[in-house]
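Next come two complexes built around subunit A: one with subunit B, the other with subunit C.
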Partner chain A sequence: MRIKIILLSYLLTLVMGVTVVEIVSAQQPTPSDDQVNEIAKQLYCPVCENIPLDVCPTTACAQWRELIRQKLADGWNEQQIKDYFVLQYGDRVLGTPPPEGINWLVYLVPPIAILAGVYILFRAFRSWKRPIQSDNLQPNSSEAPQSTDPTQDEYINRLEEEVRKR
Partner chain B sequence: MNEIPSSPNETPAPKASIRWGRILAWIALFALLVVVALVLLQRQQGPVAVGQTVPAFTLTTFDGQQIGAEEMAGKVVLLNFWASWCKPCEQEAADLESVWRYYQPRGDVLFLGLAWTDTETASLEYIEEFDITYPNGPDLGTRISQAYRTTGVPETYIIDKNGLLSYVKLSPFTSQAEIKAAIDPLLGP
Partner chain C sequence: MVANLGYATLIITFLVSIYGVVAAYLGARRNSHALVDSARNAMLLTFPLLTISALAIIYLLINGHYEVQYVTEVTSNSMPLYLKITALWGGQAGSLLFWSWLMSAFASAVTLRKWDRDREFLPWVTLVSLVTLAFFLILSIFVENPFISFWHTPTGSITTAMFRPAGTSLFIPQDGNGLNPLLRHPGMIIHPPMLYLGFVAFVIPYAFAIAALVTGRTDARWIRLTRRWTIVAWVFLSLGLVLGMRWAYDVLGWGGYWGWDPVENSAFMPWLIGTAFLHSVIVQEKRGMLKQWNMVLIILTYDLVIFGTFLTRSGVLSSVHAFAQSAIGPLFFGFIGVTFITSMILVIYRWDDLKSDVEMTSWFSREALFLLNNLLFFGLFIVIFWGVIFPVLSEALGIVGQKIPSLSSIFTGQKVTVGPQWYEGIVWLPFAGLLLLMGIAPLSSWQYSTAKTIGRAMWKPSLASLLVVIGLVLVGFRSLPALLGFWLCSFVIFVTFYEFWRAAWARHHARNENLLLAFWFMIGKNRRRYGGYIIHLGMILMAIGILGIELFQEQTQGTIPQGGQIEIGQYTVKFDSLSVFDTADGRNVARAVVSVYKDGRYIGELHPRRDYYYESQQPMTIAGVRSTPEDDLYVLLVDWQPLSTSAATFKIYHNPLVWWLWFGSIVFILGSVVAAWPSKEPEMVMVSKSIPETSKA
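Right, the complex of A and B next:
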């Protein structure tokens, strides 16, 4: 009889222990500030535009960071949390707008502008180079270049005359 | 400027294609400028003006109730944008609730609260703190505030029975009398 009681108490202790371990393991540890900020730095609150959520000092942003912490504790992943914020507060909370509709301009205009700039520069450089290649202008290295412009000669003459007068 | 003649051996450039390229580039640039101008214009418009038909919307309240055009038809609607983190909103919360309780038995006045960029937990705490009984819900995706082109919180819009905007307040109400003074002329005899 005594053995039965001892066995029963062992069994009860074992069952209680397993139950407690299951309860503890079902709870997620409280997410750290670093984990929260890893997501927060990718989000922007409409109240304080252009300040990432991880460094924004307002009460609204503090509430949003707590919301991220709560969602992480509930087992949500980064994408689920970002989707939730977009649903609740709109696309503008994202650091990079989703590529749809007019947002495509953000992704298309800069590379097109860069390509156009490169093309314009290429054409400009080629047009500067072409006359030198095409003309047989090989100046005599022993002689100084002489101006053939009569108006310039006249100007130089007048200048020299003025200098002589002084 | 004197142009330097190019080599006679050089093949002539395909002028037609270059011309088309330039035309397309100018069209693209012009289109981009138009888009930028339209976006800037929209941002500079300011809130919906008094006398205009207000943007239609459906509010899903925190308790899941849907309030749309059908529920608002033929009623004077007071639309209040607020947030739990907004201190000026707290100044008018009690007055709005008192005035709502004053008009509620008539049946032709509807108060709606819209929590702007707020978390649900904080919003519900705020509603409980100020014992707010009129329908309240989140401005999901900030769509309603964008349609009304709000500039912050608190902001209140009063819509007449014909769906036209009759009053805008871009700061907190300072008294119950002020709220009533905006609503009473819209109720008729």
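Right, the complex of A and C next:
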């Protein structure tokens, strides 16, 4: 009898344990938080500007994340979900402007500006640079002083020259 | 009463400033010492006057005078005293006054120096400082008055006005709204003053630049005079930025330190141009070149400082920092436009005087490399400026699409977000270029260097840095960006140490000094140079931290029951308990206790929490962080089950090496102190100008 009770209680514990485990695992949403955040990271809600959706603490953003989870569970892919949010709330939900229309400027201006800067600098250099009179210059490699440590000597020269300049 | 006193003092200060501007102008025109001295005295008077005004607000804040609108907006009964005092810069109206107060402090300090040798600069420096001050006072008096009070109208509504409108009575709320919770962090208490100190200090070199332009003394004199001011401004601005980063890391709960937010960018832009200026003035001092360029840089820095102040405090480009919305936009833009155009007209007027005395002679000379450094800093500025204004621009240009329907598909007028991905996709290249320059430039000589001379100087540090890369590959690093980044960092570190070593060794040999002593005297002999190198080292350490978190950050999120655990990398985080309670200062706190294990070994407890502020109905996520030089474990409490508190959601970041970001900032402050330390023989610097440069020219 006693053995039966013990066995029964073991069985009960086991069943309950399984149920508990099941409840716990049932609480784990099918698409994981990490999967949701992977997409949420690239989105911005229109209210909390400049805070990515994956880290925004507001209730509205939590609901958006749940929506992403729902869509993932329904089998939507990343692009479909992003398109859905753009359709609902406009381009601003995306972390970078979609390359279309005037938005091209946001991608083209920086490289063009930097290349223009390089070009201007290059031109300026060319116009500044005078032909170097080699006899005026000290560090002429062919006539380098024959010493034990040329770098050391050159450095001391430089040091002395700078001290003189001050 | 106190409010009236504060407001009256503001008006008097404004009148004194206007008087100072006029007196300085007339004094300079008529060459009248008496008028110039009077203008200087006006400048000196603004500081005690503004101190009275600032103290008036502080008095109102401390004593809970909620009839004053600003006091209601930023304080509440439950706030501790120190927060009530620092609420002076917790809102727009107060921080504008705070700006003016700091500005007058700096400008007064400048006018107190000895002016015997540069008397012709004095009226113009006073004038520029006072014009800037007057502009901010206009904002405080007419637009963002911190002394405005609430009034009860006979109809029962509440109105705000400085003085009592007819038929109304003073309305005194029982309690205030309290300071924005995000601002109640030690980092946020020091961050704005540091940033503002950096901002206002940059006004001084600008004022000297304008003085040099007006008086025609366009040699390097103005640069020598403001050398230390520029470094001080730069240090404060850098410190302000770093504190802001630390604040974001601790308080905003996104696991990072920099979000490329418009407000962060607006403080970063003057830093970029200011840093370019800091380097290119050395070229003017040493070689008499880039005079026009230096003028442009300091003018731009000044206007970016004003732009930055405006962006922080207006809602035009709304962002997490833009707590306040106000109508001061047109005034700011007007002032920026007027000062920029006037300054540039002066530069064009003096264009020929500002031509270089000498020419560039070599592609690898130090001046050429400095110019390249300027190009990279300027490029970074262009990128960031474009990223900041593009969303506003694209929205505003929607009007074109509306007017011309055929263009409506191009000019949609849709507001877009230019987020971190965009910035990070571009800025890495100029940053990598700057790191490379940091390694090469110290090895180049003024006037003449060739690939050969530089190559000869750099082969040893290059070899050492390549060994580091080989070591990293052998350990298992395969990420190309990481290898490139760490190679650059190690290269600069080796070059810098090599430079220190060579100079100390040369001195040790030449003078028979003890090596340590030689090292010490060598730094003392040329503080700016070696201070600069220490700053470079600090920057490199920061770069290591940035590379670590940017390239190797891991994150995971999960909901776990009590006793459950989440794993990330070598770490295991176990959820022990969660308690929810109210605090005396009006917060509802949910505080979790988690145990942290590394490779299965218990290493400690963390307490991530979520504070909910009843007054402002705002939640705040405070991470539990374990920080070591190797990595940070950063745990956020995202959610929990309110009744049972038996399960909770945690977001966990693993941020390798980010500790070095903060450590590096301490090193660069140390370097700045070395660079800005007063020199014992300042007169020698001036005399040296008359010595002809015969050695190489």
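Note that in this section the second predicted complex is superposed on the first by the 100 of 166 C-alpha atoms of A that agree within 3 Å, B and C clash if a C-alpha of one lies under 4 Å from a C-alpha of the other, contacts with A are read in each partner's own complex, and residues count from 1 in each chain.
The working rule: a residue touches a chain if its C-beta (ideal position, glycine included) is under 8 Å from a C-beta of that chain, and two chains touch if they have at least 3 such contacts.
Note that the coordinates shown come from a computational prediction; the quantities given were computed from them, not determined experimentally.
In the superposition on chain A, A:Trp64 makes contact with subunit B only, while subunit C stays out of contact range. Once the two complexes are laid over each other on the shared chain, residue contacts for A:Trp128 go to subunit C alone; subunit B is not touched. In the superposed model, A:Leu105 makes contact with both subunit B and subunit C. Of the two partner chains placed around the shared chain by superposition, subunit B is the only one that A:Val47 touches, whereas subunit C remains out of contact. A simple residue count on subunit A separates subunit B from subunit C, and the partner touching more is C. Of the two partner chains, subunit B and subunit C are each touched by A:Gly90. Common to the subunit B and subunit C contact sets on subunit A are residues 58, 90, 92, 102, 105, 109, 130.
Against subunit A, in their complex, subunit C makes its touches with residues 252-255, 259, 261-262, 286, 318-320, 356, 359-363, 368, 371-372, 375, 378-379, 382-383, 386-387, 390-391, 394, 397, 409-412, 414-422, 426, 430, 445, 448, 450, 452-453, 456-457, 502-503, 506, 510, 525-526, 555-559, 561, 610, 619-621, 638-639, 647, 649, 651, 684-685, 688, 691, 693, 695-697.
Those residues of subunit B that touch subunit A in the shared complex are 4-7, 10, 25, 28, 32, 35, 83-85, 117-119, 121-122, 138, 140-143, 146, 152. Contacts from subunit A toward subunit C in the complex involve residues 24, 27-28, 32-34, 37, 42, 44, 48-52, 55, 57-58, 62, 90-98, 101-103, 105-106, 109-111, 113-114, 117-118, 121, 124-125, 128-130, 132, 136-139, 141, 150-152, 154-156, 158-159, 161-166. Touching subunit B in their complex are the following residues of subunit A: 45-47, 58-60, 63-64, 66-67, 70, 86-90, 92, 102, 105, 109, 112, 116, 130-131, 133-135.
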